[in-house]
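Labels run A, B, C, D and E following the written order; every chain starts at residue 1.
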Amino acid sequence: MHEPSRRDGFQGEVIAATPGGESLLTCIQCGTCGGSCPSGADMDHTPRQLFAMINAGLRQDVLHSNTPWYCVSCYYCTVRCPKEIPITELMYTLKRMAVREGAYDDSKAPDFSRTFIRWVEDYGRSFELGLMGTHMIRHNPFGAFKIADMGIGMITKGRMAFSPTRIKGMDGLKRILAKAKQLEAQA
Amino acid sequence: MKYSYYPGCSLEKNAASYHESTMAIAGPLGLDFVEVEDWNCCGATEYHALNQTAAYALIARNLAQATKNEGLDTLVAPCSACYLNLRKCDKYMATEPELAGRVSQALAEAGLSYKGGTLHVRHLLDIVYNDVGLETLQAKTTRPLKGLRVAPYYGCMIVRPGFHNGDDDPEYPVTLDRILTALGAELVDFPMKAHCCGGHMTQISEATGFELIRRLIKSADDYEADLIVTICPMCQLNLDGFQGAMNRHFGTSYHIPVLYFTQLIGLALGLAPRDLGVGSEIVSAKEALSKIGAEVEEAEVATPRQRRDDKALPMPGRRGEG
Amino acid sequence: MSDTFEPKIVAFLCNWCSYRAADLAGTSRIKYEPNVRIIRVMCSGRVDPTFVLKAFSLGADGVMIAGCHPGECHYLEQNYKAMRRYYMLRHTLRSMGMEDDRLRLQWASAAEGVQLAAAINEMIEQVRALGPLNWSANWHENGRRLEALGRLAQEHAEAMEVPA
Amino acid sequence: MTGKPKLALYWAASCGGCEIAVLGIDERILKVAEAFDIVFWPCVLDGKVRSIEKMADKEIELCLFNGAIRTSEQEYMARLLRQKSKVLVAFGSCAHEGCIPGLGNVATREEIFQISYHDTPSTVNPEGTRPQAETEVAEGTLYLPHFYDTVKTLGQTVEVDYYLPGCPPEPERIWDALTAILTGALPPPGAVIGAQTTVCDECPRTREEKKIKEFKRTWEIIPDPEVCLLEQGIICCGIATRAGCGALCPTVGSPCIGCYGPNEGVQDFGARMMTALASVIDSDDPQEIESIISRGIPDPIGSFYRFSLAHGQLRRCALPLEADTLDATKAA
Amino acid sequence: MAEKVGVYICHCGSNIAGMVDVEGLARWAGANLEDVTVARDYKFMCSSLGQELIEEDIKKEGLTRVVVGACSPHLHEKTFRKACANAGLNPYLMQMASLREQISWVSSDKDKATEKAKALISGAVRRVIEQEELFASEAPVNPNTLVVGGGVTGIQAALELADAGYHVYLVEREPSIGGHMAQFDKTFPTLDCSACILTPKMSDVGQHESITLLSYAEVEEVTGYVGNFHARIRKRARSVKEADCTGCGVCIEKCPKKVIDDVFEAGLGYRKAIYRPFPQAVPKYPVIDREACTYYLKGTCKACEKFCPTNAIDFEQQDSFLDLDVGNVILATGFDMFDSTRLPQYGYGRLANVFSNLEFERMCNAAGPTDGKVVLRDGVTTPESIAIVHCVGSRDKKHNPYCSAVCCMAALKFGHLAIEKTGAQVYSFYIDMRTPHKNYEEFYDRLLAEGMQFVRGRVAEVTDAARLPGEEGKLIVQSEDTLAGRQRRTPVDMVVLMGALEPRHDARETALKFGISCSMNGWFTERHPKLDPVATMTDGVFIAGVCQGPKDIPDSVAQGAAAAARVMAMITKGTVLIEPVVATIHEENCSGCRICNNLCPYNAITFLEDKGVSYVNAALCKGCGTCVAACPAQAISGAHFSNEQIFSEIEGLLYDAISGNGAGHKVEPAGVPA
């Protein structure tokens, strides 16, 4: 088989960090992804543009783009891509790179992920009230009012827990995640 | 039919009604669910954005835990996000040696291990459609959903990324449609049936999040649906929980209740609404459900009014008649 | 060149599908390892087990027999005969203590340059992992054979010195 | 010293059947005695190796050598007789293609000794004594021939002028050969003296087109007396075996086992059997084919190489890895 | 006496020389290989100079064997055989080693490549020494030709041959010839009326005394070989006696049963149970569709029979068979249209006003179901905006990876027709605009000028879910305008999907029937993609038109004519050389065991009861060698692929490995350079 020629540089990195990423090399810039993306309208760049930028090695512009953070993981792009490029996975990869290098302009999305995961890392389960609370206070104090009735509704309907549940095997989980992070750092 | 069962965080609280209704219909449909012991959060889509190895290790712990259920090789998840995560993890543990290696090392820290392919991860919808089957549903229906115009809503994560079990089409799935028809409901040819509810977008960018919700609600409303039927807690939360906020944001006044398919099955089986967690939705389904039982001619796929006359040209795929 | 073991694979390719697949691999510049040496036959059905045994005894470490996919044989059904002979031969070679991976039956249509190249590479890897076959070394005695012979000659010669 | 041409007969790794076969030409043996001066025939006459060693090269007109080469002594004798004979004939299947002794090539010397000096039920050998190439005794060192790992044919050991196939060769064929040699009506050196076709040619059974769904062992059916045995599923080597025996076995309902060796020009008897049988297996389904073969042919070597293992392309089974192989440069 | 072998190593420019040390290789061969008397390397062996080099050496050095290390024998074996023949050496005493396809083009290490080259050359030398003089025999070429497929390609081929005075059997599956082109209204880029240019050709075919038109028929089986094929044709029962039918059409008028015409009208229109696909059909005889006909379903009606003035209706008619002897075959079996329901996101079959390209063709056609009016599915409303979607099922790994070649131009044509007929706003959604032919780019310019709007971006989905004001009641085409880098929602009344051209669903069976092969995508494989595009690997079987790969009308017609020309060459020559590569049974060695008897698919092997031996009929033998390999007595020899030749080739190829003769072994690890 041919060895794909461009394994070096930024594109190479992105490909290497993504399951099935090699197919990125076969992108023909048809825009099916951009056209399919439900949140595409609000992205700095359409996914297609992002791939062109990756190809051009515009590392900083790519990592600073809000595009990956606006990905809602709906996978439309992935199933429609005529070259079967795992676009959603690529978005995760770009998010991880951005987080690792602190290269994002709006910290809202990464923070949301972090907050979400913090509860999981401490308790083994997610905790919506805690999550929303922390996140809202930090990023959208007034937004809270907008959805107040929802919050109230949720509570009155008994759909909001006031305290997180902690799983039994917490220490085990902590060890797993610690090791995982260590390995990821090396990888 | 006995399965390992992974409820996932949502079903603990905000989607408790999904859990309750699932448990309620399990008996009558001959399903037996054994909850995975001491399961943990699947990390939703959030962990993938931070740390690949940790994300999959977190998921893999659940798979490892599930293997402790002796003799059960099928793992059922009602939440689409959980389902996709578990399924993807199971696949990559088999196909992505490097990642799998790291994950296994991590699991070993807690004396756990998981080999890709050991479990068969399936979504609850798949179980009901393939294992229970339409015939059984029809046979057990005592309170047909006649006259109820329902918009079947699949969301993204079960039909899309090609990990899903059945060969349902990622663009235009039909399994839920068939289930609802079997229950006697009047189906709406819901064009947005597989579009995105916005996931966590309400928290990242309200404008974007609300817009995604609006599209779905509007379309359901255009098609005069009494309610939207969903199979995913995240979708339910967005469409139901945020419907008010969305209305306010756009100055609209949509009122479309959003129920879980398990709740509708329960109703059709004649179970009491309260045993199915009906009533816990923010947008009340009271009025809509009051329709059940009304006499309507047999249900068929309803579409917006269209002009048709003898000049009309035949539709492709609807052929054969002279 | 590296001192790692480089296996020699003799491949019998049918003129219509697999040999053309090899041509296609060439025209599409698909790289594969140079350890394979190809012999063109009109049909995989022409491959006589003797060819395979001969190749092994002459120092091949592996032998590939390639033909059109079942049902697509240019000669309608002859590749099925090749398949039957392959299983027969493998059955015997097993009992002679040869590893299965050293003999491979490969279907390749004229359009499957990529697949053929991949199969060749895979086989080379498998055989490299098995190590040299060096079959004819099986025939040799340890050094004592020559000693023994020499000693006999010696003994008889001495005996002849004794006057009759 | 008579002026008669000298004749030598020798046996190496063989059963002695060939010697009897020679006598099978009955009173014509006297003609042989008339025509030749029999200088060496250990089985029948007294004689000394030394006397052969003393001979001039090529002094012997004709040497009929039967038996395969299994020990250093046999190889020595082969080389010696080659040196002293004008015409060396590989007489019988053992010399020609290794025959039954050649089947020893499925094992190693070690394995063979282990079985014959320990494992066989009839063996009582508490000290585990084994034949040694050298044994020290009061009088000095005693030598035994060295026992090889691999049995070789005569042709693999020394240059052979003619081959006379058969286990044993049929008396008539022997006589034909002898007369041919006496009258000098000989084929080119290296040739096999015998027919150019296979046993079916002499077989009285009726033959049709062949399709085989199942191979049967001889004890599994009572074969139809008229019909080709192979068509009845019995593995009969007549298709691939050189004619000359008059199809003795198949005629009486017993499948040919191939003692006359391959037909003219064939380099591997087993390969001919494999390819012929495989070609007529009546199935295109890999699984089915595999099971037809593995169920019907439990012992492929015994079925296809009973007489020719040492003579085939691969000559023997793989040696166990530990078996030390000879440093090439010293070979032969 | 020892042979004198000449070895010639081709540089093929840098194709071989770039990866193989050709000079070194030639030197090595000259110095190390037995019997090699001449060893040269040269820039281009296939050039006339290269060939002369060989010819001179044969004459001057008295070479008795030639080895050429160059490209694949499939490319130049004929060339170098001819060179040998010119110099008086039997062409079968030449052997090629494929240094280019098997070494230089697939290797990445020059040393290893050169080592491999040595092995191949040594193998070829050892083999060629064993090769024997062979003489190709001649067989007459039957001047009749079988053309399969009555589309414009087949029609062209048939007429070319018939006009040259040769007889043609034209077999067409449908009731009428004309193929897809007959369904079109206009053709790009000239906008000629399709019918106007095609129907004359069709009637020529119908009337031509040298053409036997077999419509509503299919080829059952083909046997024989180049110059002498035998084809069995199944003529399906029309239920109409062609001899008596005048084609007046009364039967069609009177038939009460109306069914949707899925074939010619692409499902957009209706036809009767007894029908003629279209008015100008050739032949003019109608056909009864037995699945639809009331008589066949209920046993009553027979209206057609009642009104037929010539009693031509025959309800009992059976399929009939026809055996033809032909010298050559031209396959022009065309293509199937992509079924757009396979892409649900485009809504075809679900959203009323999404149309397939074939539906739109019919709609535009004045003789079509809407009399040429472009209207919505309701049959009356004229669209004010139309979106044309490119690459539906093309350039898509999930469906067809290839480009269908005609859609861009067809889309432009549609654009023009739509604008002309409706004045609608027409959008084209494309990935890349492909207009690489005479006057095509000019046509593109014209459409730009006519105001057709072009959006570069593959359509993501077509939906009726209105989101924004102005979208209600419309079809919304969702895409990314990749040039603007923005998402775009385009509300339109009508969507036309440019479906891919696909190989016929039964292309593989057809290929098998005629002994040719298919590419992975299912198109018939030509002998050489550049130098021999209409011939196939099977002599005497030619391919033309889309069945070989997507192409437009001009290219298809050109190929049809080309194929016809190739056939004419064969016919005018009158004879074909039959490769002498056949099996021979040597009676003296054959014992009549009959193992070989049922191994030959061409029944070339018979058993001679009197002699008690088997016998190969050389005329029927195709030289596969299966019987040679199977004979337990080794009584069968295969010319040009004899055991000796292949044994020697094996020995040569393994010249650097452990020799198997029991003596003098090198047991250094294999692979180390000798």
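Everything that follows uses one rule, which is that a residue touches a chain if its C-beta (ideal position, glycine included) is under 8 Å from a C-beta of that chain, and two chains touch if they have at least 3 such contacts.
The model shown is predicted, which means the values in this text are computed figures rather than measured ones.
A.B. asks: Could you tell me which chains are in contact with chain B and with chain E alike?
C.D. replies: A
A.B. asks: What's the minimum number of touch steps needed to get from chain A to chain E?
C.D. replies: 1
A.B. asks: Could you tell me which chain lies farthest from chain B when each chain's centre is the average position of its Cα atoms?
C.D. replies: Most remote chain from chain B, centroid-wise, comes out as D.
A.B. asks: Tell me which of C-D and A-B has more C-beta pairs in contact.
C.D. replies: The greater number of contacts lies at A-B.
A.B. asks: How many angstrom lie between the centres of chain A and chain B, each centre taken as the mean Cα position?
C.D. replies: Comparing mean C-alpha positions, chain B is 22 Å from chain A.
A.B. asks: Provide the C-alpha centroid distance between chain D and chain E, rounded to the nearest whole angstrom.
C.D. replies: 57
A.B. asks: In whole angstrom, how far does the Cα centroid of chain B sit from the Cα centroid of chain D?
C.D. replies: Those two chain centres are 77 Å apart.
A.B. asks: Rounded to the nearest whole Å, what is the centre-to-centre distance of chain A and chain C, using the mean of the C-alpha atoms as each centre?
C.D. replies: Taking the mean C-alpha position of each chain, the two centres sit 52 Å apart.
A.B. asks: If you look at chain A, which of its residues touch at least two other chains?
C.D. replies: 41, 76
A.B. asks: Give me the residues of chain B that touch two or more other chains.
C.D. replies: Residues 171, 215 of chain B each touch two or more of the other chains.
A.B. asks: Where in chain D do residues touch two or more of the other chains?
C.D. replies: Residues 152, 267, 272, 275, 279, 313, 325, 327-328, 331.
A.B. asks: Under the definition above, what is the set of chain E residues touching chain B in their complex?
C.D. replies: Going by the criterion above, the answer is residues 257-260, 262, 267-270, 341, 343-345, 348-350, 352, 356, 359, 369-370, 375, 377-381, 461, 463-467.
A.B. asks: Which stretch or stretches of chain E touch chain D in the complex?
C.D. replies: Of all residues in chain E, those touching chain D are 588-599, 607, 612, 626, 629-635, 643, 647, 660, 662-667.
A.B. asks: So in the complex, the part of chain D that touches chain E is made up of which residues?
C.D. replies: Of all residues in chain D, those touching chain E are 152, 156, 196-201, 207-211, 230, 238-240, 243, 262-267, 272-273, 275-276, 279-280, 313, 325, 327-328, 331-332.
A.B. asks: Within their complex, state which residues of chain A touch chain B.
C.D. replies: 17, 19, 38-39, 41-42, 68-70, 72-76, 78-79, 88, 92-93, 95-96, 99, 108-110, 112-114, 116-117, 120, 124-126, 128, 132, 135, 140, 143, 146-147, 149-150, 153-154, 157-161, 165, 167-169, 172-173, 175-181, 183-184, 187
A.B. asks: What part of chain A is in contact with chain E in the complex they form?
C.D. replies: Residue positions touching the partner: 28-37, 40-41, 45-46, 48-49, 76, 80, 82-84.
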